[in-house]
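The letters A, B, C and D name the chains in turn, as written, and every chain counts its residues from 1.
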Amino acid sequence: MAEYVQGIPIMRPYIDQDNQGYWDAVKNHKLVFQHCSKCDKYHHPPRPMCPSCHSQDTLEWKESSGKGIIYSFVMFTTNKMAYPAFKLPYAVVLVEMEEGVRITANTHEIEPDEVQVGLPVEVMFEELPDGQTLYRFKKREA
Amino acid sequence: MTVEYNPDQKIPHPAMWGVLYKSSTPFWEGVKNKKIMLQKCKSCGNLLNPPRPMCPKCQSQENEWITAKGTGKIYSWVTFNEAPHPAFKAPYAAVLVELDEGPRIVSNMVDVKPEDLEIGMAVEVTFEDVAEDLTLPKFRKAG
Amino acid sequence: MLQEYMDRKYRTDNKPSVEANLIKNNVAIVGIGQTQYTKNSGRDELDLACEAIQNAVDDAGLKMSDIDGFDTFILDRLSLPMLINSLGTPNVRFSCEVSGGGGAGCAVAVHAAAAVATGQADYVCCYRSLNEASGHRYGRGDDFIEYMPVALTPNYGYIWPLGFVTPLGWAGVWGRRWMHEFNITREQLGWWPVVLREYAQNNPEATYFGRPMTHEDYMESPMIVDPLKLHDCCVNTDGAAAYIITTVERAKDLKQTPAIIAASAQCCPIEQEIQTIYQRPSISGLVETWYVGQELYRVAECGPDDIDVAQLYDPYSIGGIIQLEELGFCERGEGGKFVEGGDNIRIDGKIPCNTAGGLLSEAYLHGWNLVIEGVRQIRGTSYNQVKDVELSMVTGGPGVASSGIILRR
Amino acid sequence: MAIESIKDKTAIVGIGVIDFSTNIGRSEWYSACQCIKLAADDAGLNIYDIDGMVKNIDDGPDPSYVQKGLGIDNLTYHSESHWGTSAMMNAVQGVASGSCNYCVYYQAAHRVSGPEKSISDYRVAREVKDDSLDMIRYDFFSPFGLIGQPGYVAMMYRRYMHETGITPEQLGWIPVVDSENAAKNPNAIFFDKPITIDDYMKSKVIADPIRELDCAPKVDGAIAIIVTTPEKAKSMKQKPVIISSNAAGMAPEGQFHTSYTRDVITELPEMKNMGDELFRIAGIGPKDIKLAMLDDTFTPYVPLQLEALGFCGKGEGAAFIEGGERIRVGGELPINPDGGLIGQGRFDTTRIVEAVRQIRGTSTNQVAGADTILVASGAGGPADGLILRKA
């Protein structure tokens, strides 16, 4: 799923000093999460300060196992609320990762009726038609 | 001297986005027809400038549009030695004209050098087609 | 994180004392005004705002020159200087805006009340003016072409590239999780929109006046974003609304029965986003609504059983029903059963909700119409008047930094 | 009971300032978190006790972002404000009304290196999709090349010269005195040594009669200010600075820097309304003020503020500043001993921070006996201000 309509720009992330590491990793087909080395805690989305110890220099990027389960999802079935660059239908899944954080993404080779809460998934990377790299989730063995 | 434009740059256009900016549409429609239109409160006669949907003196929402004579005096002016927008060639002046009817509007002078400008100078309106789709009210020395 | 929410134990030791709360019982809503709610106003928002504000001023029995404060929330196309130059108010001493979209539906009243209670303004006008039906729509997918996440909102970068740009979609994620955890059925969901549509049939100002809907109609309506159907979603409206806040002392000399603010609350719990509140320990509830409810009950010194009528900000049905749980009108996870058949939220029910039709059937005026209906219930002038209303509750949007007020006679 | 006024109901207990720069290399989100942490440290306050946040609408990310870094469980009060330092009023009301305990006002703005710069520059020229009705007012200026704030102010300034005879040689004393003061303030990055009136006269005339040195430059910075009640302040680390008064003011036919439709355009009626209210609440007059922190974003507004706030009579502002003697540290009414915005860059909350330091006695350019200070913001548009005093 998640195929694109030609001629409509796909949005791109806003990259700044706080999330550069995250998006650089995605470009290299890696999924990383922000981790505070002092508190040993993960935070997502990335932020400029650890909310537990208020340190601004103990934040590092740790590679994710890439594995998680679908925690919830929505299915875009009509053009009313969908973004027009996408062919219908397409799903956006909220995946609870093994690290404990939850991230949203599109799916890869999962039929609409297969998308279910609790489905084990793992990350994969896709080169989009506009040249950007984005992560998606595909089925995995539990 | 008249304001000169860089031909490859778009002069900032006023918004005529229909319903989005309804109050000022008659002003710009008037300019297209080479008139300065002023909004007048139907209830108390107050001239509303810039245009707005309610009269601040009597809270009436009924208004009409009258045609200004197009004469007035220079109230103040600025000379731009550096152009803040690429469409304009510096130096040039923006003038604040007090119309004989009372309201003040911003404009440019035609055939007057910035150094010859004076507060109180009598001026009259002239219309200049500055772009294919844009006419602007400008002023020249009266008489 | 959010331990007090997870334990359902509200901390009061870190709050200013109820005695120190100057808003409680000292401030009232004394004037309400609106324009027609239409699908195409043919006028600009400034024009609509002027009319609604004039109506509110007239309703209160004031003069425009009495107004010395203005309040709204962001996403408004008006500029305050332009508005003031039209209204002709001579000296505005207070103004503010609240961030967070629809959650601020009542926060605006909180800030206006704080200004009035501290003597920083005498009469504050809270206004909203929109051409959402004919002009700019918030929250439609095709409206986002040419938009990109910017510096002040970098977290959109994690969702927008997924074709995930509309609040309805974002809310669908926590809505589905709630349905999943508590076995809520679509049939149950449908009763919220159906009852609201019934209310709208008595309200000639409502968008859906004269257009009734049965539960069957609801079930047959198309899916917009699975799990939400067309009739789970709010209407689009052109129109404006305004209300005026002053002290109870000044209200005594005015025309209308004042709707006294018994409590006001605003909240912004951690990991707050615009609907994408996915990092919290639980997403099957609305943390922000729980906080608002707890603070309202603490300050007003009452509980859910004391509330006679509620206007809950419901951009989608799920948002309304989960609020019933978080505000304590029913148990956690029981919202589906509670609305089933509709009787509990009808006029003689346990808690009549959104009695003018709410955002689904009256108008989407970012919650202003809910405040106005909350005031009408106190005055006894609602089109669906609940008997002997003592306490009338209004809340701000779910899934965003939220707010609420309790009005009393 | 509602209260009559906010006089002495609130106090400033903490300030946090990051080092200003013209290329900070960080996000505004980062700086916002950083300056709030500094302010909490300064106040001796646990970050988790902060329960209110206010900000200027365009400066920095909104509270829900900042909170994600600070880890605060819930805010019970937050809002945004449009201009000057008027968000301060919301902080004061939040605390005084019992809606929150500790309200932080943060301004995190990277106006040089941050991306907002390009947005606001574009807005003026209306080249991007911006459908705010606010844009309508530019329609009557931009097509004629009257674009940008220096030009807007110059139109008023020319008239001011015409009506009162004020000269650049007089007005130049604002940047001269600002530069003298800035040279003593390590966070004022625009002058390491004072300039002379000759330097000012040689400064480039950009929108005649406005010179480059008449305009405060842009800067990257972040400031946080913590407000609570005087009672709570007693047990905290710093000597509290009491907010005697706080007010905002507007006036008919007002527009930002372009109120050209008023009968008289060479006055600041918003500032006058605000000042009258400030003094009424505090119960004192201009004579009681030991130090004034005035808005010097554009120099012509300084003499106009002196007139509007009653520090001198109408038309006497120019004489007041000429020669600089009366406005220097040690003079009759010292102005902006931190170097003002001309010395530090456009950053309105610096005025409050310097006033707090002066009252604490910790300024790098201390004014003797500065126990009652007036802060004014928003010259040329909606105005707001504070009177701060020693506890």
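To be clear about the criterion, contacts are C-beta pairs under 8 Å (C-beta built on N, C-alpha and C of every residue); 3 or more make two chains touch, one makes a residue touch a chain.
Worth saying up front: this structure is predicted, and the values here are computed from it rather than measured.
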> Where centres are the averaged C-alpha coordinates, which chain has the largest centre distance to chain A?
Replying inline: B
> Which chains share more C-beta contacts than any other pair?
Replying inline: C-D
>> I'd like to verify one number: the distance from the centre of chain A to the centre of chain B, where each centre is the average of its C-alpha atoms, in whole angstrom.
In response: 53
>> How many angstrom lie between the centres of chain A and chain C, each centre taken as the mean Cα position?
In response: 32
>> From the mean C-alpha coordinate of chain C to that of chain D, what's the distance rounded to whole Å?
In response: 34
> chain A to chain D: how many Å between their CA centres?
Replying inline: 42
> Which parts of chain B, given as residue numbers and ranges, touch two or more other chains?
Replying inline: 20-21, 23, 56
>> Where in chain C do residues touch at least two different other chains?
In response: 44, 46, 82, 85, 88, 146, 150-151, 153-155, 270
> Where in chain D do residues touch two or more other chains at once?
Replying inline: 27, 29, 65, 68, 71, 131, 133, 136-137, 252-253
> Of all possible chain pairs, which ones touch?
Replying inline: A-C, A-D, B-C, B-D, C-D
>> Quick check on the complex: what are the chain C residues that touch chain B?
In response: 41-44, 46-47, 50-51, 54, 64, 82, 85-88, 131, 134-135
>> Under the stated contact criterion, what part of chain D meets chain C in this complex?
In response: 1-6, 9, 27-29, 49, 51, 53, 57, 60-65, 67-68, 71-82, 86-87, 89-90, 92-94, 96-101, 114-116, 119, 129, 131-134, 136-137, 246-256, 273, 277, 281, 381-382
> Which bits of chain D are touching chain A when the two form their complex?
Replying inline: 25-27, 29-30, 33-34, 37, 47, 65, 68-71
> Tell me, which parts of chain A touch chain C in their complex?
Replying inline: 2, 8-16, 18-19, 23, 44-45, 51, 71-86, 90, 92, 94, 101-106, 117, 132, 134
> Which chain D residues qualify as touching chain B in the complex?
Replying inline: 124-127, 131, 133, 135-148, 150-151, 154-156, 158-159, 162, 204-210, 252-253, 260-261, 265
